[in-house]
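When the chains are written out, they are named A, B, C, D and E in that same order, and each has its own residue count from 1.
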């Protein structure tokens, strides 16, 4: 999985039932130190993430189809979790703040 | 998925029934800011895209086969949608214009 | 799929029935402008390609196995077509010539 | 597989049964000479690895699902072993020390 | 497939039956001209390769599982052949010598 920041949204009609009503989020992968690294991707959200959240991105079709319970979904890049904290060699390198994720209850939904 | 610009067409006979009558489009992946990044790819179109369109590219074989409803199609890189708008941190970073996609009805076909 | 130039051949016994009698071609991926980009790969040929041809390379195992009709073939990188022409924004960027592919009938075989 | 150093931990609720109680480790891929190379990844641990261990990372969904014996687990990047030694052209390039992996018995668990 | 040089060995217990007794080799991918390019990888050997051999590496899980005849093996990067010769545009760019692969009979085993 990758660590990424949700930086925006993409509006594009995808003609497949799976995409009906789904939000497409633009995510920027990050390195361990939190710096952007690599090309931005468009992900499907499964963690109620929003712009400003730091997230976990899982980039595999079978995993995505399992998560969404749809064996034929044409999907690969998926946001699977909103990150609360990253610790590097014992030090807190990132911690989600109220400001960064104002709608805190979002990430507690099951 | 990737964001890419359709920049051209490729003529190459592929000896597989799936490719009969299919257009091969040359797409240039872009970064979040709309700048070219990474190597160009050849994609199969499933969104009635054309040169000048900014598109969503899904690069997975199983997804492509699901979208085309052909379980044995030898296909991976697929254009799954023409992008109408990209918003980055609340600002419109890209919006399709009439000039950029003159044949507007194309993308409204189901 | 990638655009690549066939630049050479590789001789290496692969102990799997699928490889008996198969030619291994060294291909150099190219960018949209025809410049080498990325590491060279070794591909299995399914388009009667030869050194000097510009080709389409499909890099997925399931697709390769479908194309060769061998569900258990250990194969991934496959040349699926010899390119006749690439057009970028309306201009011809590449066109196969007699000189570049002297054995022209090769690519007309079905 | 890749060689990587476990550099940290990530806390992020992933709403899938597979992730209940699982530790997410931040791993930094390395080159042959032990220098960081490429973007950090978040891996699921199957080798009782911890921060400071040099590990083997297997980055494929089917392999991960086989290892965990869970055919529907949404998982890809997995730590499959803690490295004891790396030898390059006959010289020891890396050897795990007591200091680097104090809880030595961890890696002897079956 | 990639061309790579076998540069070393890795000792790491992987707790899966498939790995019992298997050697893990460190391989450095090469470009067409034989120069190192890209990050080193750890591969499972299926070609009786050793340090100093130039090899063909196939990096796909399904292919690896087919080659080893083990449908559930957690394996991806596999050495599938030792390279005897590479020819680029008609010139020999690489040829295995007795010195480079002293135990010549190794590669003749079926």
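The definition used in the following text is that a residue touches a chain if its C-beta (ideal position, glycine included) is under 8 Å from a C-beta of that chain, and two chains touch if they have at least 3 such contacts.
All values reported here derive from a predicted model rather than from experimental measurement.
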Gap in Å, rounded to a whole number, between the CA centres of subunit C and subunit A: 36
Computed distance of Cα centres, subunit E from subunit D, in Å: 22
Per-residue multi-chain contacts in subunit A, two or more chains: 62
Arrangement of touching chains [line / ring / star / complete / other]: ring
Cyclic ordering of chains (reference subunit A, direction subunit B): A, B, C, E, D
Sites on subunit D touched by subunit E in the complex: 1-3, 29, 31-32, 37-38, 46-47, 55-56, 58-60, 62-64, 66-67, 80-90, 93, 107, 110
Residue numbers on subunit E that touch subunit D, as the complex places them: 7-16, 24, 26, 28, 39-43, 51-52, 61-62, 65, 72-77
